[in-house]
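Since the structure comes first, as structure tokens, the remarks are kept for the end.
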Amino acid sequence: MTGRFTLTTAILLALAATGARADAIRIGVNEPLTGPFAASGTYVVNGARIAADEINARGGVLGKKIELVVEDNKSNPTEAAAVAEKLITSDKTPVLMGAWGSSLTLAVMPKLADYEVPMLVETSSSGKITTSGNPFVFRISPPSALEAETFAPMVAKLGMKKVDFLVLNNDFGRGAATDFGKMLKDKGVQVGLVEIMDQGAQDMSAQLAKLKASDSDTIMVTSAVDQLVLLFKQMAALGLKKRVITTGGSQNPDQIIAQAGSAADGTMHLTTFLPWIPEKTPDPKATETFIAEWKRRGYEFAGVTESFRGYDGIRAIAHAIERAGKPEPAAIAKAFWSVDFTGLNGPIRFAKSGPAGRESGQSKPDVYLIEIKDGRVVVPTL
Amino acid sequence: MDQLIQHLVNTAILGGTYALLGIGLTLIFGIMNVVNFTHGALYTVGAYLMYLAVAALGLNFFLALPVAILGGLLFGAAIEILLLRPFRGQDIDTTMLVMIGAGIALQSGTLWIFGGVAKAIPSPFPEAPLQIGPVSVSWLRLFVLGAALALIGLAYALINRTKLGLAMRAAFQDADTAALMGVNVRRIYTATFAMGSALAAAAGALLGPVYVVYPQMGGLAELKAFAIVILGGLGNVTGAAIGGFILALAEELGAGYVSSGYRDAMGFLIIIAVLLYKPTGLFAKAERIG
Amino acid sequence: MSPILSVDHAGVRFGGLVAIADLHFDVQPGEIVSLIGPNGAGKTTAFNVMTGFLKPSQGEVRFRGTSLKGLQPHEITRLGLARTFQRTSVFADDTVFDNVMIGLHRQGGRMSRAPLLDALLGRAGASERALRERAAALIDWVGLSARAQERAGALAYGEQRLVGVALALATEPAMLLLDEPVSGMNASETRVFVRLIRQIRERGITVLLVEHDMPMVMEVSDRIVVLNYGRLIAEGPPAAIRSDPAVIEAYLGQGSAARRAAAEAQGCEAQGSVSEAAHA
Amino acid sequence: MSRLLPLALLAALVALPLALGPSPYLLNALIVTGILTIGALSLNLLLGFTGQLSLGHIAFFGIGAYVSALTSLGFEVDLGFGYRIVHEPWPAAVGFGLATLAAGACGWLIGRLSFRVRGAYFVIVTISFAEVVRLVALNWVELTQGPLALTGIPAITLGLPGIGTWTLRTKLQNYYLVLAVGTLCWLVVARLVGSRFGRAMRGLKENESLALSVGINATRTLTVAAVISAAMAGAAGSLYAHYLRIIDPDVFAFTTTVSMVIMVVAGGKGTLMGPVVGGLIFGLLPVALRPVMAPEAQWIVYGLVLIVILFVMPRGIVPGLADLVRRRPARPAPVLEPSPVVQR
């Protein structure tokens, strides 16, 4: 609860400070703070604030402080586009970060092209974002095809023969089913059922009963953490005992352990961040500092798997501004191509993606397979 | 075959909770002619009260349940007195909009207070399910089904066996005549709304531990509750209970044998079909003529 | 001369309850006929059957030789059979003038094949002007010119009845069914209304009315049809009905108010006055 | 007076962008508000003038958006049994026309339905219809791309043979396009309401039996109203798709219908100006609240403002203000705003 009030106060303070700090470099943050994605959006913003404060404590960028202009897109594509418009034209932010969900990001993208302002995409997974020829998009989260590619070498080691999917009915879930399905078929693994569940659905027993009756050995699940908790509980209630691997990076194993209890035991998760074992992350020191600061601010530990993207996103933007030498959209867009540093989940540097001449930037983060064992997160030995 | 049996068992479990959601709404709809768009928010409030009682106050699970239901009762009474009473006599659209406004405010209020992160309510039941042959059922969900059926029975008895229930039924038939016969219609309305709200809160408090608790949980629940109410016929408590089970069956079989993507569509398709075949719902009582 | 309206062995049942049983009578063009009977005798049900608001369970109704079987109320109106209503006889939220304009719905637009398109393009101006004139004339005819721009729901009860009549006349009917037109009117209003009914007949419109006010019925009717418990028990000119034993029995069987009504029906010839006693 | 007011408002709206200067953000808010207001205008035709509350109105809006987007993007669908439909992209303006027609056709369906089920049942049937359409848009991935969204929807191009084409890319162009379509829709509603047809709708709403008895065909009247209303909503949906340039099944969100209902009822249902006034207030309220308070609080205020308006002016803002101007107490029954019927 304190977290919420801190955020509110911070927003009010940020608003009050508008104008007073005209010399600060402003970064627009376009996230869902109300509506269905409110929890995740808020975590990302919290992470972004930690990064901004850290950068400012070290003297800022180009000798100036950075200032986040945070706006709520209400988990709604129309609002996301409107917010982008406001940030670019009325707050005059030369660079944006956003917008969590893929449909939100896709709605913002035409605005980026119109005003030629770059945006760092921190969470969205839809393949379309980096293949539609928008040269102002730079993404640090992996699209599912990239995630599937990273997972490929582990398939044989896990001994998977036939796989069913249970995915969220959105770009995130459907994209994962398509991309992982393709990869598995290439590896000679059979793909069985592809079951769909609605965002916000609470009772998946019908889908699970069907999966229980199938002859597959593994179920791959793509959804956000709240629904995963429900799924594991309902799987336990149905006596469904198959190997479960979740994908998508929104799993948050701590929340799963806390809320699903023993029902989550033995589940495996593909994740892009390892906060439980900082020493195994690419930059252990940064991970530790980030987690320490996160805890110091009184946020729930479970939020770090979401918020590190906000943290890395702002750090990447700061690097780009530094390299651009001036806080101007065109210069920053160009400078993104030369960003190269180690984020909390691997190197952040952008490779070209999409139609030639209008490529978007895509960074390739690390992907880890973890397992929940006796209420703790472990890295399975394969 | 095993799959079918499991689907049918699921139907029973799910249907009980749907029925509980439906009857609270049908009471308010039928007696007060109010399309209650706070039903989902009150369901959410019930779940959060349960969470507060169990997780924050450390109350016993079975003790927390009546606390949450009582909370819903008081919440409902307050909404009726503050927001509905001043609008008595306005048309149905106006009160509906007032309820929409209240629903938006309530939902955003819970988001503000509790944040968007889902909360889990611990339950005292064993994690391992009850296993009968190929079918498994969780103990918690069995308890929820039992409690839901008990609450439905209680509501039924209250309406059909008590003086208050008689007055409520009189108000349902014809509020003006009931008033002439000496029924305090204002008090009946408050009691009805409070009771409907308590049932919504009860559904939230019972389902909170089964699922997780978050501010938007009421949205889909509310739509389904409307569907159940229409299926059963306005103001018909028994009809709503049966409607709950029909909806659950349609969803289970739809998802199991047609396509899980269209799971939620099943219920709505049934509603359209039913209303085309019988425009007053499956179990509507004959309406007065004239 | 062939009858303008024939009720041919019509019957209506609601579940087990018989509202009308085997009702059979004719109305000749130009007549004023009254349908009377104690409360619950099935008079309004009979009206609803004749105007398509209820489907008879047996028999049928013919209007100008056409069977009304399966026709919707608005289709029956278009054949030239109009009606008024007992309780809500006006569009309460509209002005008297607009009420009659709504009543003129079917008039004056027949020359155009696409009235909707005309409305959208603003081409309906001429026919609208013609309708306005007719509305004003009708309102003037029922004597409400002074009230034309008032909200119909705010008018006195008797005046609302007049609006109802103007509405029904706006459909240019050949026959008009009036459902208890003078209930709730005082003596002088009733007298005016009786004159109006006669004027309606002078316009060439056949009138069938349901009414409780016996003196008024006796005064205005050419012929009376009496119903009891959904059955026709008597039919004939007022003088014959007044002395019909079955009719007296039917009314005596009812409460004291009805008995008074029957007594008044007996005595009104002597008094010659119109009273408003017959509301049981 | 009542005839000058719409003209004055129109003049103000035409001049507004000049006054706002270069503020694309506000212009964007106005465009989105304008599109929703067209939706509210169309909803008012059903809710305000026939008394039928459609809580599935967003279905027509969404169908319009999808038809328009798919017409201008092209698609390829396998219908099974070896039938394939391949559609090459057509100009966006054609999409706009088809969107209007398709939504109108769906309105015909709902209009036929509305004769069978009324009141609360009609409300639920329309909600169900909208949900089913949303789920089809979500799950028929081959046609609609489902949750993957339709992206890259082209801007509307207006073309006149011999003169050349004109693509509406800028905010200002879109603003005037929306304003033009909105004004046209308003005029259609005003004309209809003032005509024989409008009187039939009012008659049915106030006293259905009486209306039938004067020869008004209820089925036909309600169906025509539903078709026109749906077609307008479809047109609004098409504008939305070509303005935002991306749509996904979220365009069918129930909350958008709720916004439209709020605009109509708070503004004054059954009045010509109500939806416009309500649309401007509830479309721009979130914009005004955004810089002032926390996101959650904005929604709370939004809900409370709605309740307060209904409390003070139960029949809506426009009739409420009209009463104030005439200095007389509010009457219990709704009174139709003086419409062009009375004197021309």
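Worth a mention:
Each chain carries a letter (A, B, C and D) given by its place in the written order, and its residues are counted from 1.
The definition used in the following text is that contacts are C-beta pairs under 8 Å (C-beta built on N, C-alpha and C of every residue); 3 or more make two chains touch, one makes a residue touch a chain.
These numbers come from a predicted model, not from an experiment.
The fewest steps needed to get from chain A to chain D, moving only between touching chains, is 1.
Where contacts are defined as at the top, ignoring chain D yields the following touching groups: A, B | C. Farthest from chain D, judged by the mean position of CA atoms in each chain, is C. Centroids of chain B and chain C (each the mean of its C-alpha atoms) stand 48 Å apart. Centroids of chain A and chain B (each the mean of its C-alpha atoms) stand 36 Å apart. Centre-to-centre separation of chain A and chain C, using mean CA positions: 74 Å.
Taking the mean of the C-alpha atoms as each chain's centre, chain B and chain D sit 32 Å apart. Contact of a single residue of chain C with at least two other chains is seen at no position. With touch defined as above, residues shared between interfaces to two or more other chains in chain A number as follows: 34, 169, 196.
Residue positions of chain D with contacts to 2 or more other chains are 138-139, 294, 296, 299. The touch graph of these protein chains has some other shape, matching none of line, ring, star or complete. Every pair of chains meeting the contact definition is listed here: A-B, A-D, B-D, C-D. Contacts from chain B toward chain A in the complex involve residues 2-3, 6-7, 10, 13-14, 108, 111-118, 120, 127-129, 131, 136-138, 140-141, 207, 210-212, 214-217, 219-220, 251-252, 254-256, 259-261, 263-264.
The touching residues of chain A, counted against chain D in their complex, run 7-8, 11-12, 15, 33-34, 71-72, 74, 76-78, 81-82, 85-86, 89-90, 102-103, 106-107, 109-110, 126, 128, 132, 169-171, 173-175, 196.
Note for the complex: chain D touches chain A at residues 22-26, 28-29, 32, 138-139, 141, 146-149, 151-152, 240, 244-246, 248, 250, 253, 290-291, 294-296, 298-299. By the touch criterion given at the top, residues 29, 35, 83, 86-87, 89-90, 92-94, 97-98, 100-109, 111-112, 219, 223, 226-227, 230, 234, 259, 261-262, 264-265, 268-269, 271-272, 275-276, 279-281 of chain B touch chain D in their complex. Within the complex formed with chain B, the chain A residues making contact are 1, 3-4, 34-42, 169, 195-198, 200-203, 205-207, 209-210, 212-213, 225-226, 229-230, 233-234, 236-239, 255, 258-263, 300, 302-303.
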